[in-house]
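Have a look at these structures, which come just after this line.
Across the two complexes that follow, subunit A remains constant while its partner is subunit B and subsequently subunit C.
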Partner chain A sequence: MSTTKTKWTVNLKVYRKKGQKAPYYDQFTMEVDPDEYVLDAIERIWAFHDRSLTFRHACHHSTCGACGMLVNGVEKLTCITYIRDVVEDGGTIVIDPLRNFPIISDLVVDMSLFFDRMEMVGQRQVIPIAEEIVGSSQKAQSAGNGKEYLRLSDCIECGMCISACPIAATNPDYLGPAVLAGAQQSGLDKKPELLQIVDQENGLWRCHSAYECTAVCPSNVDPAWRIMDLRRQVTSQRFKRLFR
Partner chain B sequence: MKMIQPTSGPKSGENFWLWFLKIVTGLFIILLLLIHFVVNHFVAEGGLLTYADVVAYYRIPIVPIMEIAFLIFVVSHALIGLRSIILDLRPSRPALTAINWLFTLIGIASVIYGVWLIQVIVSRGSA
Partner chain C sequence: MSKPKVIIIGAGFTGVATAHDLALRGFDVTVVDRGPIANGTSGRTHGLLHSGGRYAVNDKESAIECIEENTIPGVIEPNGGLFVAINESDMAYGEDFIEGCEACHIPIEELKPQQALKLEPNLNPNVLVAFRVPDGTFDPLRLAMSFAATAKSNGAKFKLFTEVTGLILNGQGNVTGIKVWDRTNDERYELYGDVVVNATGAWVGEITAMAGVDVPIRPTPGVMVAFDQRLTNHAINRLNKPGDGDIVLPQRQMVVVGTTSFEVQDLDYVPVIEDHVKLMLERGAELLPTIRNTNMRGAYMATRPLLGSGGSGRSISRTFKCFDHKETHGIDGLVTITGGKATTLRAMAEKTADVVCEKLNISAACTTKEVPLISYREFYRLPNDD
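This part shows the complex of A and B:
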């Protein structure tokens, strides 16, 4: 006979904020399956306990990047975060909105500036089919120069790297890891105009190399490495210009 | 589409040359520290254990030059690093300008004092 409990009782402590009212936490004690995801528990709060709870979600399989939140103080994509990985039976899960974004309501943050910045560095939200260079079924595994394609196109723009970034925490004007990584992927050689966007006081020189962005990225984009690579590219361009 | 213009910030903020200087001075600090440890522990016979040993060591012409270079690299690296941290506190432009001048003065004063001190030690060796 199996002794593994299939139901756990956990407390969900959820950040709440509406309008100009002071923020507070609501607590919900729930029976959950530990193999459920944190997002499932949040949805159940909305469905059965409090319809006024607001949060973002869509795909439920880590593709849309909408459900990024702080789970016990750490940035997590809640649709792929197992309850058993963040709490024990009888324990508490604290859910907060992402940091370094304005809070619209409860767990929903305003990411419009972030999305605008992504577009500014050439990472568009929607690419028309006519502009797609190759169909997904025909994508080569190599860029043709012997190097494999890297994975930035897998950036799901969840904003978790911005939330974890200590510089974004102190300076809202800092472009942030995803945007700088986006510029790196767009390529300074293909888009020279990106240089003046990234090579400025709130651009790539502000990074303190904490690598928190890479630690929380759910899509292995490795934004910190991309910022370092962008620095290498800009340094190289600066010196080439000196001797031109 | 709403476009955001890149902030063409005043030169007092973080920039390429300060970052580059920080990296280069950091590399030189590692290099000079390595030389310092190797010389002290493996080249100098018995190590530089007494004041007289150190004074004699400074009589070798390359040593004071190396120590002065080390002093300049450490002071520059430390002050640029400290300035980067202060930038996280988002000082106002006038405050940052004041910090720039203060750190420049601290840096120059530290180097002048250090060079004088090295020169004093060297002169004691020649007495």
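This part shows the complex of A and C:
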């Protein structure tokens, strides 16, 4: 945001990688407004300092999920991360691409396997309002006029939970938090074929309840809670089968 | 016989929709963009699937385009919209609004204050009247990706993070291709095509300048602010002539208030003006007073590609135009499409593809009204064949 307030001078230390060449860090010293977002500063690097910098971004208000990066080692949706929350005047912000994804160039990672898995579990991006309730933390808005309202679901597929997950770091075949959360949202009762996708070696039993996913989720999806709920669904199905 | 080749510059709404249209008509399509999909105006659009009501009084051509294209598919919250009157000035505008919507065939339903408040309890309790219209909210990136994915499934190629550094001209001064810089690996190369489509929205002037010509484009940014509670399911519009902060949209767990209208010189970085952010809160709170109890989640801007050179941003039509530079400047091989709204992206693509077909003397009908789009996730799943 552009304001008349005091400007800060900060250093942006940015991860760089092109083609097969070795990665390195570039440092850009910039005048910023502490009330700007980290993505604003990154976009200004591209606009005014280095046209070769590549990064993903689209909506700039946390609905698209494209701009997830590591900011000082922590997963952040950079479009809603204030500069004043991650650095002080004169300090340095280190920007890295998300972990646990192949790097295409600089801050751009390859999300194709992740999107493949999200599609596989049938995560819905538009759902009835009443269905998108996380734990007990939210109340559904009552539908007016007998009409069932729909809304875009909470998960914006930013991949930040995969980046933060300690299991995903050691096992690339692990489906990962967003994917398992997507399966939970789809529901085993509605999609029984999901059982064999999630109830397997690299599925929901791999989770060690580190809760890093829920900690970094910018959209209140609470993947850790959803994985635990999915376990309950699977256990209940197994139990039912025993007595059939 | 090899397919006719079209290069599209720009992977915003117009570019991806044109790629989808031309791929269906049998063209060999390559889309280049200097960044990822929808990195400019399209990704940052407010997200209102317009019924046309916003333009029904002062800009009927655009209003009709909106209502005719009001059923765009994909990632949409299809909950309708309300035009809300809070004061006498709004009430006075109401009569023109009813007439305008009728003239543009936009279906409206009049609601008494208590009916409107029952539908949307967070509305200003002083609401005097409300009209329900077929508005919606869409997810900008995923809408663009649905078109891109479908285009890709029909053979279109996408070269992202690839910046156009120049146009290739033949001896007659006609455009035969583009010079590009792949920013992911720092490689430079050339691409040739029968037609180059300049679908760079607010930036079209930068591409036409490479051919030494100009188009009447008035880039007009506006500021939007997202707040962290979902206070409405309908899109809420102020029942008055278009102005600052007169639309509040629901989106996921948020509401987004927009927008303003100003002019800039440098399009590549437009600062978000603090006063505009404050104004969005003030204006948004006139429609939904409880916005004051929410936290700001994000403030951002997008640059509208408005057509024309006269008048101020608010008075310029939201309609679109396709320029065949052979007709306008005697330069063959280059077509520019700009203006328009996200809501009208399919129609903009149809018009552009028609112009391309006419130029190459190819007879192929538009089928984008009938062909359903595939999942946006397919964009990442499908290989990018060369």
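Going forward, the second predicted complex is superposed on the first by the 211 of 244 C-alpha atoms of A that agree within 3 Å, B and C clash if a C-alpha of one lies under 4 Å from a C-alpha of the other, contacts with A are read in each partner's own complex, and residues count from 1 in each chain.
Note that contacts are C-beta pairs under 8 Å (C-beta built on N, C-alpha and C of every residue); 3 or more make two chains touch, one makes a residue touch a chain.
Remember, predicted model here, so these are calculated numbers, not experimental data.
Within the superposed three-chain model, A:T92 lies out of touch with both subunit B and subunit C [touch as defined at top].
Within the superposed three-chain model, A:R238 lies in touch with subunit B and out of touch with subunit C [touch as defined at top]. Of the two partner chains placed around the shared chain by superposition, neither subunit B nor subunit C is touched by A:T9.
Of the two partner chains, both subunit B and subunit C are touched by A:E119. Of the two partner chains placed by the overlay, neither subunit B nor subunit C lies in contact with A:T29.
In the overlay built on the shared chain, the residue A:Q196 is in contact with subunit B alone; subunit C does not reach it.
Using the contact criterion defined above for the overlaid structures, shared-chain residue A:D173 touches subunit B, although it does not reach subunit C.
In the superposition on chain A, A:R56 contacts subunit C only, with no contact to subunit B. More residues of subunit A are in touch with C than with the other of subunit B and subunit C.
Common to the subunit B and subunit C contact sets on subunit A are residues 116, 119.
The part of subunit B that touches subunit A in the complex is made up of residues 1-4, 6-10, 13-16, 18-20, 84, 87-90. If you check the complex, the residues on subunit C that touch subunit A are 35-39, 42-44, 47, 75-79, 118-120, 137, 139-142, 144, 161, 163, 183-187, 224, 226, 230, 233, 250-254, 256, 266, 268-269, 271-274, 277, 297-301, 375-378, 380-381.
Those residues of subunit A lying in contact with subunit B across their complex are 113, 116-117, 119-120, 166-167, 170-171, 173, 196-197, 199-203, 205-206, 208, 231, 234-235, 238.
The touching residues of subunit A, when paired with subunit C in their complex, are 1-4, 18-19, 35, 37, 40, 43-44, 46-48, 51-54, 56-66, 79-80, 104-105, 108, 111-112, 115-116, 118-119, 125-126, 129, 141, 144-145, 147, 149-154, 156, 219-220.
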